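Just below sit the structures, each encoded as structure tokens.
Below, chain A partners chain B and then partners chain C, in two separate complexes.
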Partner chain A sequence: MGWKDVALTKKGNAVLLNGNEAIARGALEAGVCYASSYPGSPSSEVIDTLSKISSSDLYVEWSINEKVSLEGAAAASFAGLRSMCVMKADGLNVAFDFLTSMNLGGCKGGLVIVVADDPLGHSSVKEYDSRYLAKAAMVPVLEPSTVNEARDMVIQAFDLSEQLKGPVMLRSVTRVSHTRGLVTLNKLPKMRRKAEFPAGECFLTKTIFHMKARDRLDKAAVIIEESGFNYYEGFEGADTVIFCCGTSLLYAREAIKTLGLQNEVKVVKVGTTLPLPEKFILNHLQEASNVIFAEEIRPFLEESIMILSSRHNLGKARFYGKITGDVMGLRGPACGEMNADIIIKVLANIKNLYYRTPGYDPEVKEELGTMIPPREYAMCPGCPHRASFWAVKTAIAVDGRDCIVAGDIGCYCLGAWDTGFNLFDTLHCMGAGPGIASGLSKLGRFGLERPTVTLVGDSTFYHAVIPGLINGHYSGSDYLCIVLDNSVTAMTGHQPHPGTGINTCGEPATTVPIEKIVAGLGIPCKIADPFDNKNATECIFEMLRKPGVKVLILRQECALVQARKQGKKKRRVYVDQTICRGDTCGCGRFCTSVWGCPGNIWDPVNGKAAIDEAVCVGCGVCAALCPADAIVVEEVY
Partner chain B sequence: MEVNAIVYGAAAKLVEEVLDTDLCSGCGACIGYCPYIKTIGERVAVIHDCNICEGVCYRVCPRASTNYQLLRQEVFGSAQFDPVLGTYENMYFARAGNELIHTKGQYGGVVTAIFAYALKQGLIEGALMTGGDFTRTKPAVVSTVNEMLACTGSKYTASPTLSLFQEAVKKGFQNIGIVGRPCQVTAARKMQEVTEIKGERISLVVGLFCMESFTPDFYDYIKENNLDEYYRMDIPKDVQFERNGENIFVPFDEVRKFVCKSCYSCFDPLSELADLSVGSTEHDPGWNTLIVRTEKGAELVKKAVARGVIETKPYPKELLPLLRKAVFYKKKRVLEGPDTNYLELTPYERKYFLATGVDV
Partner chain C sequence: MKEPLNVVIAGVGGQGNILFSEILAKAASVENFKVTVGESYGMSQRGGSVSSHVRLSREFLYGPIIPAGSADVIVGFEPVEAARAALEFGSPDVKIIVNPRPVYPVGVLMRKDIYPEIIGLIKKLKEISEQVVLIESTELATKAGNPVAQNIVMVGALAGSNYLPIAKEAFEEVIINVVPPKALELNQKAFLMGIEAAQELIA
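For the complex of A and B:
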């Protein structure tokens, strides 16, 4: 598993790859020359993999946001190279302005945009379906169902893009990107393309090119009618048909097998959901009495097929989908992930079968639920965000003016919940914090007197914060922007950014320090260490009370990065239980019940606090906050 | 209610009764025992709903329910007292014997002189005092004469000096002296009763006269008006700033808006529970008014006079009615105000004060 399997294994061998590695392999097999991305789960491993095998034949880049990332990849395509841009669903919004312009004029070398959706939002603040954006941008969409198919589709997507002279989107989801499957490797191309941008060749955006984009979709519809990614399984004359795409294929198979309906139900798998392979679908739609739709997240395929059915006056079939409310999980229709049970329920209903969901009875489940201790999201042991949050919490409480905290996107999203002391009042998207803070600070004339602070990350700063700062500074806003600088894009797996001093491939690179950018904007800037919690708190307090836009950088390296760098722990932290006052302290077990670092544990035998030295990274912040001074920090040599 | 009855839901009560009602005088007594009450820039806040039943914060707060009658009993062993000036043995004009202390002090330098003497005598090993100056106070745990000298001079904002008490305890001091405003004196007396925080180590309490103190916004005012270029501030009547013999006066009405709201509820301008109370004479800037209240205070003053540490002269009889009048009306205003429920005064006590206050 991993990048070595992707790059070094001989062709013909089967290797176990996750979906993102398979996408990376597919790109290599297709002869990709330029690959760029802004990291975001569940898409990050594509570029993580390619960055390890970057060579003279391949340029790989962690860009500072999805928009510049796509612009770079498009540029490579303009020059005739095959290029790929990877992002999570949220990132497509950021790149969208460019995408909707570029797609009109089109491009040249194969350009594949890989967008990984995150149904149920396992690692996202929002859940949504990027296919609707592709539709708005008029970009064809391919949806793989398995890891192996993801690899195959990437190759086809490059071909299709070059045939159409426009970008093609590959839509993955968490359960494809983060599932492992066997991939039999194809040959890597030897041919090397030359980048050419001949004088006189232009890539412009004009209103009239709207027609080009339309025609491109029409052309795509003809091509994908022959695509091997659309096929059916099961009894051809079945009266019940499941139309599915993506991972729902696997759930549909499992549902049919579970109910033993192999000879009664047909699965129609659609790999090209935009544009639809209309003839192929009509073929399977015409004779069906019951039509079930299985897809994630919104009823995209469902809507398209219903329109198709209506256009052809096929009034015979009864539809079972999200629009009809038949297909739904715990969150109701069109929200959350698909699973086999959801499809089983629909099938059992149609076929009048009794099906009992395996597992405990609902009553037992409910009772068990009350017995399980509540488990919150957790930040890592020694995470600097925890210290920063405590400093912010303290400063705004003492300030006493009921400060509004505008959050932003990163590990520190946890500031919105218990783990982050429920600090955030707003939380939306990359860079939203400063914009919201800027707006709130303008509402004094309408009676809103609460001061505003916004918390953003370092990678977020480069991604989308700077415009908000400029806007705030220029418009005379009053807010404090706190940059939680852990010197890495931590949440998505420690990718470098312009502040880290290394590039995508780990080589030294120009550093673009945040403080210099802020100083250049003419905005007052201070730097503090959240581990020196008292000083950081006072700094926040003081800056909060000053007029104008201010920036405070709370700088402390991500605990995971630091632990990897230093290897052995430099400091040992332990509780002197003769000093710890236990439950008589008056702190109410602050270290374990409020502070929330996994390194702080309770010793039930002695009724005292303790440190889990296996996970403690030795930051020592808990020692500074312990009211009894019972936590000892020892330098280890 | 006992002086120091255990209070349940302490921090929540503190928020509800003291902080949210603007009664907090910023004394700092509630800070330092737990991670949930913090002070920055002379502001105090409960930053987390701690839900700890036995918290000491409410028990030591001078603006939480306060029974002066019981506290007087604890401090003086008797409930006999003068309703206006509090319990006292003697009143003097006093000044430091040491010229340096005298000049550095606001008036007579008596507080610094007495504390330096108590330190040398081993009566105390450390003290909580307030350093810095009128442009920014700096609470300090001091244990040398030099450190004490850095704390001379009056400050006019509400420094939360008592927040450092646990630091003094952690430094191992067994006998700790406290110099503070009247609210801090009351807090110190309450703290003495709480063994969990080693309050019994408070062994000398010197209180200042205090008619009001300013909120931290006063610092901004000083800065904005370039008054920080002056090195001495006083409030004889209007606010006086002095620099190399040059004086400017700001009408008190201009700074009245900075007076802490809690000061309007203060029934104790003369630190009635202190061992010694010290203030200005309002007549002679070279001398302090010294009120000797407890036996311990009397003993210390006696020795200090004998050693020439301080010099005293009788408090002029003709000034007493003036002082009484000023204090009586301050207290009366407070009694008539809305925020005196914390005082636990019986209707009889109120009546007694109002009836006898001016003439006794």
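For the complex of A and C:
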């Protein structure tokens, strides 16, 4: 519901927003005209929010991948408009070729690239520090610490971009993007800009423009030295300094407060980690005896400050960071998330303080710990992917040639976990499955005889699968590409894509059906319903045995979308316990122990299967698979 | 008042954890607290554990992660998730409000892991914590009209517990603002049932 608060025109109101909503608000306050993105957690809510308040003054787009998304946003900037492109860290890789080209020639209207990193990989297959890419691309980086500052920094990033005539990156992390805090609204601008692309004004990439990019960073260094992005807190003459950026500022403050070290430790907040505000940092570095670095993921700030220190021959201070191995959580240095406990530990060590972590005694924790089973990821009740995975698993077993399964990125990456029957042999990035399947299919001459299947999603298909298919078809590869088509970009919160027939703002749009693209490529294509599991299994089995590249679309709408549309359940599913044979059946409790849907539970009292009707969505696939036909599907009117 | 007040809301994807923390944070800001909510819901749609950290302070803007052992109140939508939160953030001073209805992890269904006996688990939590209050929020929400409103029953239970210096009226005001009008009556009912259930148990 945050988008309503984001759209409020009245200034001075304090509203509770998450970091992504605050970034959306900041963009509006800065007069953004064009905002685009490909969905990716933890960044998706920025465009989810703006898509609800798009107007004649604001164009908002869910693009099919980050590269075209950034190209569109850059075009708006070339025409003098303020534009913003949003992505998760992994997405920056996709957009990177264009970014490194565009940043040479530069742009015109403020262009802000918001990249949300995901330390600890809350919703990613990798944790990844995008600042190193920004450094390679020579793009300045701003890092907000709080939700309110995220809003402020977006506005400043637009200004900086226009001063430099080049893009500026705002690096968020999960704990900014998915944190809620109070934001005091500024006023929204009234005037809108006119787009102009005068004849003769060019935006080109030439090697010689490398110098322009370098000079832009030099200019940025001067500007940020005078900006309010970088500041310190605490006792100026403190012998111990914590250099921090992003959320680590809050953890550092809390650590100091917890240990009562307000008069001994200074916090230096670096808002611009590229380029560094060198004079500002040197001021605080010169007199320090102990220097602690607190930042998310890799030692980016730490490396830069160490180089600065060595350039100025400041050999006096002892450094405590990820490189030295002093700053670390449970996963060791430079892996996982930052928190106050990590900084408390380092500070207590430096200051020789005894700090007892609050909480239960270790014996109590150990005992309680043994009672708590892990909660692994599970696919939703009624998820069509479960049915698709089961069909793939069964077809591979019948085929008997020990098929290799190349996975891809989406909800269905759970094919690499128990809930997806541990089906995947490979899992990497968007669109990697078809490329890997193609490569594996070429290895027969070297003795690898296992056939290959790749599982990709519908949104992934548009994002990155098509080149792999063309390459495979052209090079005479042999693999079956199964598109798990749940008709929405599900993982990131149900955004539309070209197959859905609606646009970013929910209006009717051109549909680009997957089957027509595949047919256009000259690749054989079939469509099946995973809920008709027997037929889907037969299709997979048959197609596996045919040569060349083949595509099978397993189409069934995401269970969450269906539930939302239907409101009430259409079918009631229950176990007829007079038919269920319990453990004497020989099925090994198929519905609970194998199938793994949260709706299928075991009734220990009767020793029979049961359905948790509060959870079951009524897809009825388990009824078709039950060997005893004990599960009943009843239409509800 | 202790500074800051730390509340962990622990549950399973789909149980309405985010709405709960939004209501709590907005009610706290009505009472002029500086409030930070840290949410981890990356895999929430996939049946994983979901937890929110709500931090209330009169003087200081705290970070989105509660330090180890520093929760004052844990609201658990599911008993094992309440215990998991207690293990990391609980202490002998913690107060726990818990819905005892289990949501079995897939590893338990697949018989790889064992789900603890609820009575034993609750007994253990009672033994090591300041107070444990059992709220049959799913059943109460079903009575109110829809089991999905169990999170709002739990909002009521938190309001009725008086564990936090936030008036019931503040919660009520926020619920009116954040809940869609057509679901308001159901949610108000669920909220009141939560208050009553907590008051009976804590009185």
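One rule holds for everything that comes next: the second predicted complex is superposed on the first by the 625 of 637 C-alpha atoms of A that agree within 3 Å, B and C clash if a C-alpha of one lies under 4 Å from a C-alpha of the other, contacts with A are read in each partner's own complex, and residues count from 1 in each chain.
Going forward, a residue touches a chain if its C-beta (ideal position, glycine included) is under 8 Å from a C-beta of that chain, and two chains touch if they have at least 3 such contacts.
What you see is a predicted model; the values in this text were computed from it and never measured.
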Touched partner set for A:590, first chain B, second chain C, both or neither: first
Dominant toucher of chain A (residue count), chain B or chain C: C
Which superposed partner A:339 touches (first chain B, second chain C, both, neither): second
Partner chain in contact with A:600 - chain B first, chain C second, else both or neither: second
Partner chain(s) touched by A:553 [first = chain B, second = chain C, both, neither]: neither
Which superposed partner A:543 touches (first chain B, second chain C, both, neither): neither
First (chain B), second (chain C), both or neither touched by A:250: second
On chain A, the residue positions that both chain B and chain C contact, one per complex: 594
Of chain B, residues touching chain A in the complex: 32-36, 38-41, 43-48, 50-52, 54-56, 166, 170, 196
Residue ranges of chain A in contact with chain B within the complex: 393-395, 397-400, 421, 537-538, 541-542, 584-588, 590, 594, 625-627, 629
Footprint of chain C on chain A - complex, ascending: 1, 14, 16, 18, 41-42, 118, 121-124, 146, 174-175, 178-182, 247, 250-251, 253-254, 257-258, 337, 339-341, 344, 357-360, 364-365, 367-369, 371-380, 411, 414, 418-419, 490-491, 560, 589, 592-594, 596, 598, 600-602, 614-615
Partner chain A, residues of chain C touching it in the complex: 12, 14, 21-22, 25-26, 29, 34-43, 45-49, 60-65, 67-70, 80-81, 83-84, 86-87, 89-92, 103-116, 120-121, 124-125, 128, 138, 147, 178
